[in-house]
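Chain nomenclature is as follows: A, B, C and D, assigned in order of appearance, with residue numbering initiated at 1 for each chain independently.
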Amino acid sequence: MNQNRPQEHQIDLSQYTVRTDLARESHEMAAKKRSDGSSIPGVQIWENTDGGITTSWIWIKNEQGAREIGKVPGTYLTIEAPGLRSRDSIFGQKVAGHFADQFERFLQEAGIGPNDSCLIVGLGNWNVTADAFGPLVVKHTMVTRHLFELEPEAVAEGYRPVSALSPGVLGLTGIETSDIIKGVVEKARPDFVIAFDSLASRALTRVNTTIQVADTGIHPGSGVGNKRKALTRETLGIPVIAIGVPTVVDAVTIAFDTIDFVTAHLGREIHGVKSNPLDPYKRPSVKDLQDYRTPDETVHRMMGLFGALGDDEKRQLIHEVLSPLGQNLIVTPKEVDSFMAAIAKIIANSVNCALHESVNMENVASHVW
Amino acid sequence: MNQNRPQEHQIDLSQYTVRTDLARESHEMAAKKRSDGSSIPGVQIWENTDGGITTSWIWIKNEQGAREIGKVPGTYLTIEAPGLRSRDSIFGQKVAGHFADQFERFLQEAGIGPNDSCLIVGLGNWNVTADAFGPLVVKHTMVTRHLFELEPEAVAEGYRPVSALSPGVLGLTGIETSDIIKGVVEKARPDFVIAFDSLASRALTRVNTTIQVADTGIHPGSGVGNKRKALTRETLGIPVIAIGVPTVVDAVTIAFDTIDFVTAHLGREIHGVKSNPLDPYKRPSVKDLQDYRTPDETVHRMMGLFGALGDDEKRQLIHEVLSPLGQNLIVTPKEVDSFMAAIAKIIANSVNCALHESVNMENVASHVW
Amino acid sequence: MNQNRPQEHQIDLSQYTVRTDLARESHEMAAKKRSDGSSIPGVQIWENTDGGITTSWIWIKNEQGAREIGKVPGTYLTIEAPGLRSRDSIFGQKVAGHFADQFERFLQEAGIGPNDSCLIVGLGNWNVTADAFGPLVVKHTMVTRHLFELEPEAVAEGYRPVSALSPGVLGLTGIETSDIIKGVVEKARPDFVIAFDSLASRALTRVNTTIQVADTGIHPGSGVGNKRKALTRETLGIPVIAIGVPTVVDAVTIAFDTIDFVTAHLGREIHGVKSNPLDPYKRPSVKDLQDYRTPDETVHRMMGLFGALGDDEKRQLIHEVLSPLGQNLIVTPKEVDSFMAAIAKIIANSVNCALHESVNMENVASHVW
Amino acid sequence: MNQNRPQEHQIDLSQYTVRTDLARESHEMAAKKRSDGSSIPGVQIWENTDGGITTSWIWIKNEQGAREIGKVPGTYLTIEAPGLRSRDSIFGQKVAGHFADQFERFLQEAGIGPNDSCLIVGLGNWNVTADAFGPLVVKHTMVTRHLFELEPEAVAEGYRPVSALSPGVLGLTGIETSDIIKGVVEKARPDFVIAFDSLASRALTRVNTTIQVADTGIHPGSGVGNKRKALTRETLGIPVIAIGVPTVVDAVTIAFDTIDFVTAHLGREIHGVKSNPLDPYKRPSVKDLQDYRTPDETVHRMMGLFGALGDDEKRQLIHEVLSPLGQNLIVTPKEVDSFMAAIAKIIANSVNCALHESVNMENVASHVW
């Protein structure tokens, strides 16, 4: 039924797109869609879990991989450390040290030299805690560029010129953030940019416990008109490395992950063998159910059931599902304030270590006291 | 099937109890459970919507009503103003004025005299924005008690003695909040207490747009051992009025509201006539579906389907539903910072007006500059 | 004696220069130096006190006046409202209204048209309360430029495009503030700039109660090398209006004002007729003593007494005077937090009114809620 | 001359009392008044400087010593570390370690046992940075009392029960701070109290670089009526240890220190041999001048010169000296925000170490993360 009314359902479905800024989540969803379990062409992945920290590198090498995953081609490093929730400072230190090492390797792979000057950009709105990740990192960044400019002979070995800026957001400044950055890059002439930003995740578990690094720059939205607002090597003329931490989840995602799972389960009872890739005669294991979680198919099936209703009723019904969630669908954990403070400090310390040879986890605190 | 295994499902279900601190939501859910549409004995309700503000008074007059609704007997005033989301200051002023009037009436009904001295208590953790409603109100409270103590002759007509305290939370002080309040009440000897606290709501729409006033005091948790931690007339010896604003939602509620609705819809197709109170031969209207939303029944039905699984699988399956939501299940809108600042200011202004005859919406700003 | 060792005293004296950023104080000091009471050539002044607010306009019209006063040629508007200390919100509103009127006139005199687009720059360090005046004003600024860019047809009559930026300070960004501003001006292309900055005053009374407006831009320091760091019509290519509020006083100024006064008094007894312009045979009135307060002359006289000491002793003696004051010679009133918040709000409201025809003191609060 | 009009000068002089809360400064001034260089009876002092940190213990053992110094009898430990200004974190750590050792010794001398339960009280106004030392320390305090209450078996060895409270100030709460503390002490029943408060110093150099510990409790003001507001063993029934850091200086002190020094110098020229204890025929060394600095005598002499003026003129003249300093005579260094944050953190860490055997400078950070 759904197939007969593609145009209207597409509109509805576009509203339901699972929102994530994490390549790792996008890759996971894309991989699940491949019913034959084959890997995605043009995409390479490396993953390791050790001491409560999962490290993964995803290389999207061509347009096909990019299209299938829904991310631009490039290198994505992801660090997942769910234990950060417990706010154990020893573990926090460990994550910082590990991230510093990985990020140093990332910089090398990106072709950044040890003396290349860096502009740290803290994107986001400092008045909105969940959006303040960028400005918070800037606050803890070791700024050295002015020392190189004013008294170069006084700067010890093992440091590079680093400048930092939190440009604010359009609503606060009235100026496109990309324009501010471009203006400043033209004057300060850094060799590369690291841009920090708050991300959206699919799962609350990843909020404030995951770090994503990408060499693709920042792509706000995906519309044509937004191209000029991007912060990329193309627009700035220098490498732009993006470091993000998921700080929010779309409440619709929470709702749909639930629908998804429940309909997957109920679906077997409704549709029986044909629509169910699991063996209908065998009671499904939890692992089976988990593998079976194919959001879009589920949504389509649910949409199919909607089909029996008239158009107006359908519209109302969808509205009905969403309205209890309210207008403010983007949510963040209640403890956002302390989570943000902790992860921003950890990342800033790591980046300070990775950028300056003379700074390490032992002495970083004394540099930014 | 479910009926045969009540003990184990009860354990699971206890986890799924829809969490709300709002009498209005509890009443709504209790009313829906009454399939005959009859009103709940011992409960009186008055409701009015005007200019975008819904005002409701719920009087729970006896134990039966209290049990059915799940709230202690008392008077509950609720102001709902979804338009506060738009942050239109004209509308904010209107809500403040309306709430001041209603709260003045509430004080009269509660037997509070115009010169009775008041202790304002701001409950909650000022380090957690979503929990900082109480401390934020205290910040904007007109404090006058010391003027009455130090130079009573200098205090103009139309004011009453008001003191204010944000006692912090157990994790910050190491002392039960109720002990701090009791100690201070014994020294400051107010005639009544108004305690401000952050609440949990069932719906994101109500977050930071709803105000609840109750003459029942504060009942943290509901266990037996907690009785001594309550802030009530019983424990403090003076009337305790509670003013709360929902600032968080349990993510499980979001998930379950969705499951609820979808299974209600799918349920008709699965179970047909018998389990469906709606006429199976008539296509259900959206209104029908909405009325049909009986969370617990749905959960039970879903649980019934679970029944076919073994116990371990069942446990894993439930875990499966919840784990994508993460450990931090209590969420708040991303914009929590500005929402909280706005509603706390509105309520503080209203309360300042209601407490002091000489203060009104026109001059309140100059009193707390 | 002093005259015989000009070179070494000059060095010492340079340390003692009374530090003020207020043209009004510089003018006052310059006027007092003219023993014949004549007015300074090339300088015009208008002054009025009404309802607790002193308004003065100083026009420095040529280089001679500039040299004698020690300020670059231009127009200086000063509003002094000592009553702001009492934090009476009615008076605060009055000051805001008066300043809005005066500033509107200032904009007209500076040739700024009603639709000219404006970039608000908040200079200073937001981490240092006493230096945060600029960033605090930016926080309360009505930003509209993006509305003109994104949906020009939706902007009502009576508004102009306004953007705003707090660029931070060199120690925070590693980039010269002037470079950031220049870069942003080149991208955002405003018609004029208003730069807000914290100033130093000679007197604690003026701290946070005085507003200075100048059409001369911002001149950090006065050394040759700093010329490129200036924010002026010369460096930015557009008019730059500076609005400043004194927030700090040099403790040495406090010390020297005291020395000055006491030595003026004692001086009569020591030096008798010759060094005393007051009639030695007539007991001086307080008015005489006040008029007699010529800091530099006093300092010179004191220096003369120093002359009897050897060079090393002299150096130690000067050090002796200064060392009890400590290294941190720049001080601010203990109440700096609330004073800053109040004056920044007043000025932002005034500027919002002066910049937009449709905004006035009655509706400004609803624009920036 | 002065001697003939003691009554009126006394009034004036009372205004000029050098304001300090530091026993060390009071002792220094008292010692200088003793022209024979003899030590003050009933007062014992021990002092040592090592590695940039000066440690002094003053024991005021009887009423005579107390009267001469102007401090109540008791033990005063003072740590002076001017190097904290440079904000070198290595030095900060060193000061923290040293203070932890000294404070542990202080607790032993005060008869506090290793398991005695402690209530930390953070006095002062968190809205006024210069007055927020107490609340800032509370923020970094390890709070453990609730763990002992809720699950005593889970608390590891080497910790003691610690609770903490920032009661606010009278203007914020409307309740005497001492009443709040008394009420809480009666409920929480600690064995002793440590009260943290901001102090006034005579010298800007000591601001935020000096720590004073006293076993005398807190004595707000010194009037008779204030006795009940004191936080002492007498009023609370348990030992009260006060830890203070000077955060402000009275601007009048700055002025008078300058007058003092200059008049001391000029005085020799005016009054010749008789009024000058220094040999009039020998050019005074800087050391001589320094020793000669006896504020009160100088003020008296200056007052003597005032004697020639009529009463009204005199009053105006004094006003004249003070008015340029403004109404807000209490000043704090411009950098108060970062200084306060640093010293509060250092002291909180030290106190956490001194209170809990299992906490030391190496692991303290992980306890309060």
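Rule of thumb we're sticking to: a contact is a pair of C-beta atoms (placed from the backbone, for glycine too) under 8 Å apart; a residue touches a chain by one contact, two chains touch by 3 or more.
In UniProt terms the chains read A, B, C, D = Germination protease.
Because the structure is predicted, anything quoted here is derived from the model rather than measured.
Listed by label, the chains that touch subunit A (Germination protease) and also subunit C (Germination protease) are B, D. Across the assembly, the mean Cα position most removed from that of subunit D (Germination protease) is the one of A. Set side by side, the interfaces A-D and C-D show unequal numbers of C-beta pairs in contact, with more at C-D. Centre-to-centre separation of subunit B (Germination protease) and subunit D (Germination protease), using mean CA positions: 47 Å. Note: centroid distance subunit A (Germination protease) to subunit D (Germination protease), computed from Cα atoms, is 51 Å. Taking each chain's centre as the mean of its C-alpha atoms, subunit C (Germination protease) lies 34 Å from subunit D (Germination protease). Residue positions of subunit C (Germination protease) in touch with at least two other chains are not found. Every residue of subunit C (Germination protease) that touches subunit A (Germination protease) in the complex is listed here, in rising order: 143-147, 161-168, 170-176, 179-180, 182-188. On the side of subunit D (Germination protease), the complex with subunit C (Germination protease) involves touching residues 85, 127-131, 202-207, 248-249, 251, 254-259, 261-263, 265-266, 269-270, 283, 285-286, 289-290, 302, 305, 308-309, 313, 316-317, 320-321, 323-338. By the touch criterion stated above, subunit D (Germination protease) contacts subunit A (Germination protease) in their complex at residues 87-90, 92, 342, 365-366, 369.
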